[in-house]
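Note that the chains take the letters A, B, C and D in the order they are written out, and that residue 1 is the start of every chain.
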Amino acid sequence: MDVLADADQAEITALAREFLTERLGPDQAHAVADGRAVVDAALLGRAAELGWFGLGLPESRGGAGYGLLEEIAVFREIGRAVSPGPLLPMVLAARIAVLGGADSQAEGLLSGTLRAAWAEPVPGAATVTAERVSGRFASFDPERADVLVVVTPEVAVLVPAPDGSAAVPSVDPTISTLVAELEVAPLAVLPADADPVYLRGLLLSAAALVGSAQRTTEMAVEHAGTREAFGRPIGTYQAIKHRCADMWMRTQAADAHLVYAALALDSGGKVEADLPGLAHGARSLAAEAAARNGEAVVQVHGAMGYTWEHDSGLHIGRAEVLRRWFGGPAADVDAVLASVPLSDPRTTISQAGETP
Amino acid sequence: MDVLADADQAEITALAREFLTERLGPDQAHAVADGRAVVDAALLGRAAELGWFGLGLPESRGGAGYGLLEEIAVFREIGRAVSPGPLLPMVLAARIAVLGGADSQAEGLLSGTLRAAWAEPVPGAATVTAERVSGRFASFDPERADVLVVVTPEVAVLVPAPDGSAAVPSVDPTISTLVAELEVAPLAVLPADADPVYLRGLLLSAAALVGSAQRTTEMAVEHAGTREAFGRPIGTYQAIKHRCADMWMRTQAADAHLVYAALALDSGGKVEADLPGLAHGARSLAAEAAARNGEAVVQVHGAMGYTWEHDSGLHIGRAEVLRRWFGGPAADVDAVLASVPLSDPRTTISQAGETP
Amino acid sequence: MDLAFSPEDERFREQARDWLATNVPRDPRPQEGPEMREFDSAWQRRQFDGGWAGVSWPTEHGGLGLSTVRQLIWHEEYARAGAPYIGSLFSAVNYGGPALTIEGTPEQQAAHLPRILRGEEVWSQGFSEPEAGSDLAGLRTRGVVDGDELVVTGQKIWSSYAQIADFHFCLVRTDPERPRHKGLTWVLIDLRSPGITVRPIKTMARDLHFCEVFYDEARVPLGNVVGGLHNGWKVAMSTLTLERGTAFMADQVSFERTVDALVVEAASRPGPRGTGRALDDAGVARQLADLKTVAGALRSLSYRSISTLERTGAPGPEGSMMRLYLGEANQRLGRAAMDVLGVEGLAFVAHWRKGWSGHWLRHFASTIGAGTAEIQRNVVGERVLGLPR
Amino acid sequence: MDLAFSPEDERFREQARDWLATNVPRDPRPQEGPEMREFDSAWQRRQFDGGWAGVSWPTEHGGLGLSTVRQLIWHEEYARAGAPYIGSLFSAVNYGGPALTIEGTPEQQAAHLPRILRGEEVWSQGFSEPEAGSDLAGLRTRGVVDGDELVVTGQKIWSSYAQIADFHFCLVRTDPERPRHKGLTWVLIDLRSPGITVRPIKTMARDLHFCEVFYDEARVPLGNVVGGLHNGWKVAMSTLTLERGTAFMADQVSFERTVDALVVEAASRPGPRGTGRALDDAGVARQLADLKTVAGALRSLSYRSISTLERTGAPGPEGSMMRLYLGEANQRLGRAAMDVLGVEGLAFVAHWRKGWSGHWLRHFASTIGAGTAEIQRNVVGERVLGLPR
């Protein structure tokens, strides 16, 4: 048993951070938010060259042959960097196409020439089967997309992207959104019993949320240690110090649980049987950590943290979008509670829990 | 418009505080909790002599002729003093008997020779009508009671008290409790359209909760100003100072809203039409203030606040019992939301709320 | 004790309601630029012409000189009528002007107060600085007396509407030798003076009403100093008391309408699992009931504060908490709204009448502006409860 | 990275599980008095006889000397088997004894460690004082060297199980002239010595395991000083590190079972309006899902901490938060339980197997004991995040 990153993973993390800082970090996110830049095919091509879209796919299928933990390492960095661009949809779309046997899409997605966007079913108003995708969906960054990724606990599909020109800015200023009706047959299908793409995607989104929570914690701690008020660094005041401590605590718990859930999923359920409960639990901690830390980082920075130029707004918007994917908080509650055994532990054991 | 206490009310408050401090304050509550004392007929008789059980009843009917605001002033003091004994059930029982025309009970209750106890219907498991009281009820201090008070938004009744000897201690160490089935006809009936006894009782319970929150705030502030750690009063640390500020804020809001709701009820609905929403709102603020302040006062006092000898446990237990009466928090939510108009203010007004 | 208003007050309420019913502009208020200023000014002028400008201003300065109770009534009716947010005139009408009625010279009052009441003059506040936020007395912008002028150099920040304002009322350090609070001066600066640069700051709620204002040896007549040289702290405190007092009563009333709107929204949308109504989700219902109750409690607290003021001449200590209490409630409201809308509510929508995400984002500032939540809790702990510093 | 345990570890797990299955006492653990001590001692003796006592103790002191991974496995299986809470032996077995293995002399070790492992000796901790709670170094109990004895006078408080303990390990001030942290001594005191009075303190959760201990010139052999005169702060810190470290791992595992039990409770009771199941109330469901997730996160954090320890020899910084994280979760659990039970759950019930109110009341102490929540957040802020003091 060892849940710490190994040397390979640490290197993947370092490489990802280097690339993101240079090409897809907060500066680029601000540029996209300001309309000064777009994440174009060239940039997606660069990420493809690094093998990001097939990181977790077998080498025999055009992937890098890494495991889920390496993908998580990359997505944690993506979250830290609030990277613009459809990175999560691309990774999941490539997986669906490759493992679902949709070879033409697979090639385009792995190479970054085909562009994917996220489509989240509106609860109660959408139906997704291997044969048909219909009803209302919220799509994100649909304008330049070729395919939409739709993922449910039962099945994951790609569908042709409809006209997305009516999309409007979202609360994440780097991402547009459009709620619209779909009625279309899938281009590619990957059932959950063939590959747990839903749970993998859920954990990758959790990784991005954890990365964001890590980064906002760092931002808050750095500011609290240097900014002065009334002649002392504001980090000496308990209101600020304890807020920073809580940011760190939330983030540590979310990250540890994310890694645990990912290792359990990677083991194919041998170690822990309840994979949906674990994965949704990890996402809920990550989402709460990112969202609460987003609030805290603004409060610690004061008015400066509330400005458009500051990174805090990027983290806040990103967290709010990401945490609504994969069924949102309600799906987390349902999956976690479904994992609780229905027999009462009080009747099956004698004394545990009689703590003083 | 004037929502501040007048001289008469201030005097009633002062007199109540004097009597309670001497006869029915924290010392007596501790004695009852330790089994060293009981609130007996003699003590109830003393309270009856002060006119407490008929404070809000007309003089022509054996009461003191005061209004709801004076009753509230007394119950705020009862809450501050964590007084033991069935004071709220007595006041409501007397009102039901007097206004419901049950003269023999009325006399006994006003004079304190007949003893009342609270019976709260278990949601979904109890039926209360003017003809019949049946189903499951949680009663409080039923051992020596002659009558049980059962109050619903529709009707208030007195029923003969059944055997309460199986009652067990509650989380309030001065109050016992028993969950049992009742199947009985009322001795006295007061329908809601004859008198808003449900709403009055709800506000009196809110007053006791506000009084508790006031007292725990004082306790915390006093301790924070004197207790030292690391060479400074602990009230200089923001974690403590801000906790005290929040205690005070909650309490001020709850008290102001309580008075507003009481004045509205006393005006017979002329000023504010939505009396149930207001009264349940006031109770919910009072209950939250008392419960959260109970947690805070322990935390500010540290281990000392966790001891049996300290008053904090009395306030915590009392708040937990009182806030479950009158339907508990769920009834507050339902009543408050029922008061919201169903037309959308955004379509009926032009610009309000476009704050920067 | 009585909730009822006097017959005279009730008559005033009726008059206000009648006048507002026919005079409130029905066009949407522009959110930016000269159109916004024009709209705000025209509406102020209309109130002035109708005899309703300056409800709380002294009569000798052109106001109605009415009691706090009548101010309350006016605010209630104003909000009930859906009258526009005061917007760019907030600083001048609601507390800058009132401060001048107390601290200004007759010349200063004559020069500005009538123009403010007629909506002809827009003011902006210049207290905060990049290195002096919560710690106002740490400000560094210098004002050097040179003949009959003050030469101002430095930088102000978070000045609302400075890009369309005529005047900037600033706190500047005129005597760096004295203790921090004692060397400051309150001065009214014409923003068209040479040496002044105004740069709007976009917020994460994507609006542009905050500005940075840079001073590079801007020359200001000494006659624009209010309350005397080096006496600025006292003037600023009375200004801030006004800002934090009744000036935001309208916000409270509109908060309740916003809560009502969210309840209606939750009653008309499916729940987070696509079944039932969002309002049937017990977690959502609890939050909304809490917010509705807080809205009522704010009204109750206002009534108490006004009763205290009427009886004693000074408002009760409630005032020091109400702004924070409202700000935090608005933040909870924003979060609740985002939960109610779920994945369909992620579009950025600036105005609450069309959606909720703008409200959510805007209120991240509610625990920062006009004193952070931390400072406000310190104030309660120290000044109200008497805890040691 | 791997969640799987080695085949040897898995074999150890099977052996532990097998032994526990047939040896865990099935009688309820008495909650008070000599019966409690007798029960705790007998169970410890049984573990000793079975070869399972002192899993983490060094082999030279009679322990199993096993890795932290095996300690984890033992705690997991212990909790899974429903084995009794360690109770009155907590202080001696889980951290007082281990501290002695590090800081004690061979004579001290020989005199106490075997007896502790066999359940024959009960220890109680005497660190806190009425005027020195969070600020441990402010303690006032004096120890004056007189010949080969220390004469102790003063008062200790919050000493668990002192009324049935044999020894009290205390921090006393032996040199008032030195700086606060430098004049303290860690000493093991026989509670049967003359001059000592033990008074149990009843808590608001109505139990009696905390005590006050009064010292009136009690004489203690200098041979009972551990770690040297005036060196007590260092010994105490290593003691507290043990107390706050793996010693409460069992509490985490039992927390998850308690959450599971509350979910079952909520699934079998009607909701707050008497309709449906309590678990269908979205607010209740959200709270319970959060608690279940926190239980999992505590396990994940333990795994991370142990991995760090195995790799680097020192635990990761997670340890400084886990106790607080668990304590606050237990408080939320208590409140959720009271909400689930509603008006029917107001009877005081000491044990969680029969009701919830005792759990709720008991955990008011969870953010106070072993360092208040405030102190623990300071520790994280300063020592982990490097914020200034």
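We take it that a contact is a pair of C-beta atoms (placed from the backbone, for glycine too) under 8 Å apart; a residue touches a chain by one contact, two chains touch by 3 or more.
Only a predicted model underlies this, so the values are computations on that prediction, with no experimental measurement involved.
With chains reduced to the mean position of their C-alpha atoms, the one farthest from chain B is A. Between A-C and A-D, more C-beta contact pairs are found at A-D.
Centroid to centroid, with C-alpha atoms defining each point, chain B and chain D lie 39 Å apart. In whole angstrom, the spacing between the mean C-alpha positions of chain A and chain D is 38.
Averaged C-alpha coordinates give centres for chain A and chain B that are 49 Å from one another. In chain B, the residues that reach two or more other chains under the touch definition are 237-239, 242, 329. Under the contact definition stated at the top, the residues of chain C that touch 2 or more other chains are 271-272, 282, 286, 374, 377.
Against chain B, in their complex, chain C makes its touches with residues 1-6, 9, 24-26, 28-29, 31, 69, 79, 81-85, 87, 160, 207, 209, 250-251, 253-255, 257-261, 263-265, 267, 279, 282, 285-286, 288-290, 292-294, 296-301, 303-304, 306-308, 310-311, 317-318, 321, 324-325, 351-353, 362, 374, 377-378, 380-382, 384-389.
On the chain C side of its complex with chain A, the touching residues are 128, 130-131, 133-135, 138, 157-158, 201-206, 210, 270-275, 331, 338-339, 342-344, 346-348, 357, 360-361, 364-365, 367-369, 372-374, 377.
Chain C makes touch with chain D in their complex at residues 271-272, 281-284, 286. Residue ranges on chain B touching chain A, taken from their complex, read 237-239, 242. Within the complex formed with chain D, the residues of chain B that make contact are 120, 122-125, 136, 138, 140, 168-173, 177, 179, 228-230, 237, 239-240, 295, 298-299, 302-310, 312-313, 316, 320-321, 324-325, 328-330, 334.
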